[in-house]
């Protein structure tokens, strides 16, 4: 009588690479090459990456608001919002602030460096649902990064939307990101308003809190504005709490207000639990949440 | 399900036959200072060291499917490129000989999140698909509350389940593989007297429960009591040492670390079991900590077990094995914490 | 060395390092010289310009100074300050350098003159109360342990070479001890500082059924008052707890607090476990 158990090869059960559902995809990463590094401020660089395999590159699809996990072998792996338009597939823009081991290492790499990319992960901004509507994109500080993908999507489909506003607040003019694109955004009939906390001698725009601009925008809105408007908000917790409260006060329904939240993720796949808010996985059920869901998250944001 | 009767004398033969594979089972590890034996799971090669009469093990059998530390991938580093290798860290199937119902249910629960959800994890699945599980009945300790969690019986997730009837075992045969393996042993059909003994065993088990957790409406009560001062009291006691997560059969949260070899020619990505009670659980790059106080971390542990998992899978992640309470130097245990949240009398106060 | 080393295209920093010792057993430096199998790789990552235990020549031109030992004499203070001036990075190597180590037990004696006479007799030597390096100069990196673990030093040196930040576990030894599936020392009737001591040693002592003595100092969120409550509950005296906390100097403040309590016990005759137990 043979009592030897037969070895089961779990990968034999999965036939092809199917993101999110098969066992093969868990530790799978695309080899990607850094094609360009563009310093935007003292602490943030824009990285352009390209998935090396052309077929995988064109097959790579994502939605605005989603993130990827970027890995440098031996150095670390972390989540980053995709900053580019979905129409560019596996040619990705990532804006990265140098704050930890991985990002400080990235500050030193040059063109041609190979990294690992897995994803895309998480929820996204429902930009199709917003067709025919006004959009308010509101960003504080680094919060502009996850917004750049929906901004690009809106630009590419500008005629499908009504009034589009970007309200962007930063600490100082030196910390503004994507400055080289403001002209283009405006040319696409986007009402761009920028405000800084601490102006320098070159600054000619307004200074103060981002809510000042928002209040003006709401005050000058036409009749029925709130019923035809979606909002996308991203920024530090204090900022978006105040911003979202004003949007709600202005009559925009909570389920039309979307925020992108940030937590430390180790896996991005709903397994390590490090990003949980209360018992909600930021990596699976977020990072994009509607505000009604945020109100129901059982932990201080 | 097939029920059979196996004379106890036959078990050594089954063990010997199964020894073609690695066998993991409960063994006597030592005694505490009061002289009480302490058990743990270990590789067993000698049937006589297998202690199926064990009460509970200090640690669960988790490490055989979810090692505390595990390599996820290794990298060969060349001049300016690299190559990734992935290994699921299992070479051959193994037998778990002697799991209580709570621990079988723990694996069933882990299956839901680690294999049954999006992004199934192959490291876990590879081990899980290569296990042969023999369950064994038990008499609960005073700190066990599996009955409250509905995990005092295992309906699935094993190949064989033995109930000790004194001279013989009442055997539930769940898999065809198990049926095959039992061929050649002197099995008989249960007689009416065996049914009586089985029911007696069941009554004895029921009578032994002391600890209890009231789970009715618990998810909502946890929400209502989110700001309860009780959390602060428990937090003040907690040592933030992570012992509970280590001994728990269902704690699976982890951290990932990447390291480069001293000669810079290879690198390694490792996961390590983390505990939501540890101070840096919710710390982000740059240093901000979303849960700096021990109270908020301890609360989160209960939210994950008794609320979040229930929302996702309609059952609690806790199996009521009582290990965390028995191991906690600060004497924090689930029945007391839940009772205090519900404004009920705590077991330890009685 | 030939061409500059890189890792994934990024230049690897190969610092000039020097090793120094003050009052200590020099065992931590010996740890580094042990494990010959990795010594060559180690030397590829750093250029050692001064290491009395391993080489005869020495140099004052270094970027990183690894300093073992505590400070117990005036001339040591001066020498340490010189090292600090020369080094870009000063690394405290081992418990003596980090906390004073076993040597600082000397500070517990009320009559320092008596200690001096017992140890040195009439020999004219000016021995001061023991201090850690950080009591005198700024310490950039601490490597804990008595002795240090070579693997940890190697990891730290690799991290310096690659520009990775150096992080120690923030949690206590219990986390590693339980992952090693040890029987809790308290269950065996042994006192143990595991619940409050910084991990990173892979629970070296408890793995060998010996209670932790706290050589790596306090964990980030350590609460020695809670530990005291647990120790008292397990039947250990305040003296036992104080002895343990005193041993390596990482818990000086806590042991001083408990010593005050002990004086009160002397007056009232009862120990309050405190901490709600």
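List of remarks:
The letters A, B and C name the chains in turn, as written, and every chain counts its residues from 1.
Note that a contact is a pair of C-beta atoms (placed from the backbone, for glycine too) under 8 Å apart; a residue touches a chain by one contact, two chains touch by 3 or more.
These figures come from a predicted structure and were not determined experimentally.
Note on interfaces B-C and A-B: more C-beta pairs are in contact across A-B. The chain occupying the central position, as judged from C-alpha centroids, is B. Relative to chain C, the most remote chain by averaged C-alpha coordinates is A.
Inter-chain spacing, taken between the CA centroids of chain A and chain C, is 43 Å.
The mean-CA centres of chain A and chain B are about 37 angstrom from one another, to the nearest whole unit.
Multi-chain contact residues of chain C (touching two or more other chains) are listed as 7-9, 162. Those residues of chain B in touch with two or more other chains are numbered 77, 80-82, 259-260. Annotation for chain A: residues touching 2 or more other chains are 72-75, 100-101, 112-114. Residues 5-9, 12, 38, 41-42, 44-45, 154-155, 157-158, 161-162, 170-172, 174-175, 178-179, 181, 183-184, 186-189, 194-196, 219-221, 223, 226-227, 230, 275-277 of chain C are the ones touching chain B in the complex.
Across the interface of their complex, chain C is touched by residues 72-75, 100-101, 104-105, 108-110, 112-114 of chain A. Here chain B touches chain A in the complex through residues 17-18, 20-21, 72-73, 75, 77, 80-82, 84, 86, 88, 91-95, 113-114, 117-123, 125-126, 129-130, 132, 177, 181, 183-184, 223, 226, 252-256, 258-260, 267-269, 271, 274, 276, 281-286, 290, 296, 300, 303-304, 307-309, 311, going by the rule given at the top. Those residues of chain A that touch chain B in the complex are listed here as 1-8, 10-11, 20-27, 29, 71-78, 99-103, 112-114, 116, 262-264, 266-267, 269-274, 276, 278-280, 284, 298-299. The touching residues of chain B, counted against chain C in their complex, run 29-30, 32-33, 38, 40, 58-59, 63, 68-69, 77, 79-82, 233, 236-237, 239-243, 246-247, 259-264, 273, 275, 278-280, 294, 327, 329-331.
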